[in-house]
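Each structure below appears as structure tokens.
After this come two complexes, each holding subunit A, first together with subunit B and then together with subunit C.
The block that comes next holds the complex of A and B.
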């Protein structure tokens, strides 16, 4: 049976801001959700599961409260959740994260396929899937926007590159990252939600993974943020007192579209 | 320590991708601080025009990896890793194209080094360390990132760096590395390749001015007034997903996560709330004028000019003007 691992991430639900005075990152309301690009990854795995016999396990690395995104994926139809969490993993960058995730996946089982979303809405690097493939020395198919066929031995899928679409057949094991346009994502059914309550969530920490300390968390992260500069200050005060004519005119000016040649608006 | 800045030149149909020249331009600027040598690496079929394309560029050495393999991340990353181990560059830059952004993390993890995505500026600090500047958190802040391992790797957003303009000509030494034959071993076989056809009726990602219509617009007729108006502003119109769902427009007009990411200089949103998914499509836009009667809508928080107004009054005004103009034309 095909074994599929899907990597998902919990991200702040609303736009993150920056405290102008302290320069600290503020998570406005403390609300979290699953990274929207990851729904496509979960959906892809579930579609494969519907076609062939497959087991779909969801992996996430993050704080203990990331359990919620695993539960959400289980309610959509995934089989098991694995939460990789340890205070020693905090401060990991792409390299350390991909290392920890790949070790966690290896510990859980022999997977044929790892599916990741294209990028996250908070980190926005689109680098973790490729780094995981590299850590495992697996083949890597990025930017997948269509899957033609999945068999027990190989996957045939189409990469959306800069100028061309390249359809390839890759023998397992293999990591793919999927475009959000690949499928329309489902919403959990009541039945699946009820069933998901009985599904298992495994937690891996340092005591299970025993990873070398120099490769994890801040010590394992070769990149460091040296400074942060605010770009957009606070929201601009809204303009309330413009007439429709003034608005139209303002827009013409901003678009550098001379009013005279348009015959005037007033 | 070898003082080398290495840049990756992406080859598409035998042509060096423009971002490659931008990387060379930036590498040249950086090289003047500490006297780095500039080397380049490219992968593809042997092609004699590459030499001409690089004429006059300040590249000391070009590593030309010959292969018949079409884009194959694992193999390509393996070749680049080999070049890096041999050359031990201080800095390795790639374009933040789809090719560069998928190749770079594979190479970086192989070399156990750090990587910064999609940089918009690069500098050397007093210690000769590369400072990698990139927008973060939905482009609301600029993060300044340092890497403590070598090579310091970054992908660079296309269109952000200046090409090399003028300077002393440097003869480029080309070192061919023969990897033909490796295509037999790869576990990834190409089935087919097709150019991405722009079958779209219009490419909204290439427009400078966009009028973006949202669900706040209640009638199809009002929408067509705005469609025409967009044209008179030398732009075109686009929409949020809700209007695609209403069946008013096709996906090629949709802005956002599951639509298109646009690069306009100016967008005017009308009756768009600015959901997270919508915002994913306008990250690169600096000038946003938003018309919405709800001051608290998310789009109003990020707009440069947030205008609180009933959009119907604006549409009325545009209609009036259209009528006047048409009258004028009849009379004239």
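The block that comes next holds the complex of A and C.
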């Protein structure tokens, strides 16, 4: 049976603003919800489950009150919810988060496929799915907007690039990130909602995962917010002819921000 | 002091029309920012023998805040919190121009999300002053009753520029539903209630109204039920035509084609188990009354419930958009709706009655709203003048029959200018006289909101 892990995140419902000094999100109204992009990931997993025989487990890393998003995914029809939570994980950036999530997923079982939403509404990096693939050294298909075929061994899907659509096949194990447009997301049925209440949520903390302290939380996070600036948009001609490094250099020049590279992805 | 009054300019066209499509005229406008400015504006208008039309956010659907002449006093800049007392419950004194959206955010923050105002119109940009003056209700009125239950005091500035505070016990809520005809409300003291910790929103789908009504009847005694809202197939189809352009609901999956009747139910409580038990009871009742609970949707928690509420709210919005389209091609076509709360008819009888009359007429229409309190709204969507006139005749018949039934005819959206004709012609004389007497006592010179409810010569 195909085993699918889906990563979801609890985010503030209304992003009130960003603290100009610290760069932290100011969350004043206290309302949280599932990251809007992650619904597409859950829906994709459930559609695959409906077509082939599959088990769908939902993972989230966050505070203990993130249980709500797991419960919601269970109500949508997922099988199990796993909350990865420990005060030591606080302050994790993309690198530390993807490390912790990938270790949590590995501890739970042997998955064929990990599905993530394209990005989050609070972090906005769109890098966690790729970072998980990199941590695990798995195949990676980002920006999926259509699933063509799912077999016991591989998945064929359509990637939505800036200028074209590309159909690709990846052998398991594999991480995919899906576009919000991939499916219309269902609303939980009353029956599933009631059933989901009876399901247990597994909690993994440091005592279960025993991760090296230098790789988690603030210590494992090389990201530092150097400052926040309001930039005016500028059109860059023929961006497709530039390499990634050239684009980064261009952005740094525009932002008058020194190009610095640290951490795991130099 | 010279009041902040300026002549009405071309840029002020928005202040001459509300959501009903009713349009008016005025010569000057002001946006007071505090009670003293309200007094100055009233004094100056009185000195100039000018009438004043008070308005909030103009989301009203009877033309009540639309001027026919004189001065417009728009209250939207009077939206401050004046006082919050937390020692005995949660009491707050606010200015009337605060919108329900603003109020909700402030109460959530100030009470750490533990208190709320339970009776609010689904239109969050409406002002509190507008809602008090219209006698507005909300979907949770099913459980929490009227807005007046949560009002401790109202301060009003009368046509002499005198501030009068009316406390709940003192005068029997005479300002609720008075449509700005007695004076300008300058402050409202609200007593908020504890917010239940757990909230579910459940959508039950039925192939026909009879089963939906039998189900609604069967859950009437349930303590955890907060709201019972209805939508017919025509409303679902109307929403479908606008859905893709409405970001808040564009992601809601389509309602299956075999569904002709939809009930949206909210349940709430402070203990999770009790709310889950209530959900289980709803399933049982649904089966007992011939429905299929397997097709029901359910969402839990405030954020998710809000998304489904947006779908219900879209019924009102899409109806108004459809009317605005017809109004665009023929200015005489305006909103044609009834918000009657029936007394002696059953829920099934009410729907059958509306459908019977309208299906035979060949007119386009839709029905949705508070079926739980026997108050579904019926909207006639006229495409041309002939249909509009025909629709008006049918509305008269509804209102006539509602008075015979002993129902409450204008109790949510008000009378304003659009329904004045029906009120004056069809309401019992005692009901009209009560309002005329009140107006005579407070505003005999007829300074405020000329043209609402009845004609000046009735004074």
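We adopt the following convention: the second predicted complex is superposed on the first by the 217 of 266 C-alpha atoms of A that agree within 3 Å, B and C clash if a C-alpha of one lies under 4 Å from a C-alpha of the other, contacts with A are read in each partner's own complex, and residues count from 1 in each chain.
In this text, contacts are C-beta pairs under 8 Å (C-beta built on N, C-alpha and C of every residue); 3 or more make two chains touch, one makes a residue touch a chain.
Remember, predicted model here, so these are calculated numbers, not experimental data.
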First (subunit B), second (subunit C), both or neither touched by A:191 = second
May I ask you to decide whether A:135 touches subunit B, subunit C, both, or neither, giving the answer as first, second, both or neither?
-> first
Looking at the overlay, what does A:65 touch: subunit B (first), subunit C (second), both, or neither?
-> neither
Please indicate which partner A:253 is in contact with in the superposed arrangement: first for subunit B, second for subunit C, both, or neither.
-> neither
Chosen between subunit B and subunit C, the partner touching more subunit A residues is B
So, does A:213 touch the first partner subunit B, the second partner subunit C, both, or neither?
-> neither
Kindly classify A:75 by the partners it touches after superposition: subunit B alone (first), subunit C alone (second), both, or neither?
-> second
Intersection of subunit A residues contacting subunit B with those contacting subunit C?
-> none
Show which residues of subunit A lie in contact with subunit B when the two form their complex.
-> 14-18, 25, 36-37, 93-95, 98-99, 121-122, 124-131, 133-135, 137-143, 148, 156, 159-171, 177, 180-181, 221-232, 235-240, 242-245, 247-248, 250-252, 254-255, 257, 262-265
Residues on subunit A engaged by subunit C in the complex (per definition of touch) = 13, 28-33, 68, 71-72, 75, 184-191, 193-194, 197
Where on subunit B does subunit A make contact in their complex?
-> 10, 12-13, 17, 70-71, 73-74, 77, 97-99, 101-110, 112-118, 131, 135-149, 187-196, 209, 232-235, 257-258, 266, 268, 276-277, 279-280, 287, 289, 291, 295, 298, 300-309, 313-314, 316-318, 321, 324-325, 328
The subunit C residues in contact with subunit A across the complex are 105, 108-109, 112-113, 200, 202-203, 251-254, 272, 276, 279-280, 282-283, 293-304, 308
